[in-house]
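Right after this note come the structures.
Two complexes follow with chain A in common, the first pairing it with chain B and the second with chain C.
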Partner chain A sequence: MKIVGVTACTIGIAHTYLAQQKLEDAAKAAGDDIKIETQGTIGVENALTQQEIDDADIAILAVDVKIQGEERFANHKVVKVSTETAIKSPNKLIAKMHEIAGK
Partner chain B sequence: MEDSEAVKAALDRGTIVTDLNAKTKDEVFEALAGRLKEQGYIESVDSFLDALHDREKEGATGIGGHVAIPHGRSDTVRKNGIAIAVLHDEIAWESLDDTGAKVVVLFAVGATDEGSQEHLKLLSLLARRLAKADVVSDLLEASDVDDVIAALTK
Partner chain C sequence: MKDFWKKANFKGHLLTAISYMIPIVCGAGFIIAIGMAFGGKSQDALVMGKFDFFQAMATLGGKALGLLPVIISTGIAFSIAGKPGIAPGFVTGLAAVSISAGFIGGIIGGYIAGWLAFAVLKYVKVPSWAKGLMPTLIVPFIASLLSGLLMVYVIGTPVAWFTDWLTRVLTGLNGASNLLLGAVIGVLSIVDFGGPINKTVFAFALTLQAQGINGPVTALQLTNTATPIGFGLAYLIAKLLRKNIYTQDEVETLKSAVPMGVVNIVEGSIPIVMNDIVRGIVAAGLGGMCEGAVLMTMTNGQGATVPFGGVLMLPTMGHNWWVGLLAIAVNVLVTGIVYALIKKNLTAEEVAGVSTASASQEEEELDLDDIQISE
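Entry: the complex of A and B
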């Protein structure tokens, strides 16, 4: 399935990117397409377009702070967790998202 | 990978230490802050230690798998830098799993973002590498500075 998401942590230099990598690896291992936007100290990278969000089966927000553009996900299935959860149990999280998306 | 060269350029042999005999988190902080001071990255060891402790209060910096990434943001940081310690023995460290820390990758970041965007980008690349199991297993086995650099730039 197609997954989009955003990662953002309090200081914005480490956990944001760890969570991104962990989610990408776990999703790929499960055979999913994934694109994760990072909102860190260096700003927004790998930005999601509304089209990409609309095309996705489900969205993951692994965030410890308020993010920019959360309204982009308003009409979608969204799983919201902390960056710690994404880093600690990425595989479980992806499995859970499959359940929620029904795919 | 093209990022390897950039990460390599960001690593400083003078702030990487292996086989460090430390018993506590504070001993690791002191050893690495000392290296950062020697190499001109920070002005005051004490102020930098305060910044590290402030971040520790916000939550675990152990990312699981025996790796910790403490980071301090402070105006005592003259230039952004990375200090790395591979410890002789694993020590207790608050982490996302039940492991302690055997490898500590410490980021020192200036309080203002000015002119540091490029370096912060490098830190993000490095953080992503630390999310990779094979990179971590190489780091845990690293016995000298070359091993550490090889693990992070492969």
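Entry: the complex of A and C
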């Protein structure tokens, strides 16, 4: 399964990147391809292209705040959680996403 | 009802606005702190030839901090309505400043401005030739006018009274009440490691800082600074007691968690706490309680002019810098000693990391309330 996602937290220096790390590790453990864009205080890093979003089976937004470019995901399956959920239960979250995507 | 709260997303909009505000408070807070440390004072207006360099610095910072209600209001309105929310949020925030409704006025005004802009976008229908006028004229004009007038004539005055009352109560606190407030803030700021309780206390403490009361936010952040260092100290104390309290993985985690703590990032220590949540929180909570109590009592509620920065906050505390340092030291010691004492002694196999191999099974249950799915 191909997963894309965005992480963003309030202060934008810690939870954003922890959530990215946890999601990437959990997805790799489940054998998925994953790319996570981070929107920290420093700005957008590891930016997703529209092509990558279109190719993905499902998108994960682990965000506590309003993000830039949410409209890019308009016509996709999107799962939205807080960064806390992504950090605390990443593997279960990925499993849940498999269920939702039906793969 | 629960659905309404979730849809309205009060917390999300406030957090978005805070995320835009923090760099402004940090930048301006350091500038005013340096200016004031060298005898500058924030001026109403800078008249050429009538001010010195440090007055200029203090004024730069002071002016920016004085406009925090505008920033929070604009941020909230932007979070609700997107770009069209910026104009009404800005106007309403300035209205809140003019009528002395302060930061709380800015927060309330931001929600009103944002939802009005959202409502105008959604419900006001215009003929197609006027489509272009919608974002440039109609939304900003109607939403700004309505929410600005609401602020001036309806909300502003009661909020100004309330803000004034709250400020007077908190600045008038004496020793014992300061001790209690500090202890409570210290505990609450660490009890869920950056979770919802911490965020709520942070929003409250930031509100107070915008009103010029710096103690609470300092108590909160110094706890976040000291806790990871405390877990590091626990390792050394446990070694003295001939106890092994950390696995090899955890020791690796500590090597980055401790320096992260020094600059105010508590999250590095989350993996350690997660492995033994009750004992971790007891140790951190007790440390936070002592830190908050020491700080708030000895500084009489004074604190740093910046809301973030770990040990970098200390220089902005003026002559109280050593109290901040003492408070951190107390927190580190209490957390370190308590954790080293109450943590179980690990066997050699556990230290080698056998117990963490099944991490995915020990993971917390997925919080289904927190998940929104759209297809």
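Quick notes on this one:
Following the convention adopted for this analysis, the second predicted complex is superposed on the first by the 103 of 103 C-alpha atoms of A that agree within 3 Å, B and C clash if a C-alpha of one lies under 4 Å from a C-alpha of the other, contacts with A are read in each partner's own complex, and residues count from 1 in each chain.
As a working rule, a contact is a pair of C-beta atoms (placed from the backbone, for glycine too) under 8 Å apart; a residue touches a chain by one contact, two chains touch by 3 or more.
Predicted model, so just to flag it, every value in this text is computed and none were measured.
In the superposition on chain A, A:20 contacts chain B only, with no contact to chain C. Residue contacts after overlaying the shared chain place A:100 against chain C, while chain B stays out of touching range. In the superposed pair of complexes, A:38 makes contact with chain B only, with no contact to chain C.
Applying the stated contact rule after C-alpha superposition, one finds that A:3 touches neither chain B nor chain C.
When the two complexes are overlaid on their common chain A, residue A:91 makes contact with chain C while staying clear of chain B.
Of the two partner chains placed by the overlay, neither chain B nor chain C lies in contact with A:60.
In the superposed pair of complexes, A:29 makes contact with chain C only, with no contact to chain B.
Annotation for chain A, partner touching more residues between chain B and chain C: C. In the superposed model, A:11 lies in contact with both chain B and chain C. On chain A, the surface patch touched by chain B in one complex and by chain C in the other comprises residues 10-11, 13-15, 18, 41, 84, 87-88.
Of all residues in chain C, only 12-13, 15-16, 18-19, 22-23, 78-79, 194-196, 199, 260, 265, 267-268, 270, 274, 308, 360, 363-367, 370-375 touch chain A in the complex they form.
Residue ranges on chain A touching chain C, taken from their complex, read 9-15, 18, 26, 29, 41, 64-66, 76-82, 84-85, 87-93, 96, 100.
On chain B, the positions that touch chain A within their shared complex are 55, 58-60, 63-64, 69, 71, 73, 96-97, 107, 109, 113, 117, 120-121, 123-125, 127-132.
Listing the residues of chain A that touch chain B in their complex gives 10-11, 13-22, 25, 38, 40-42, 45, 84, 87-88.
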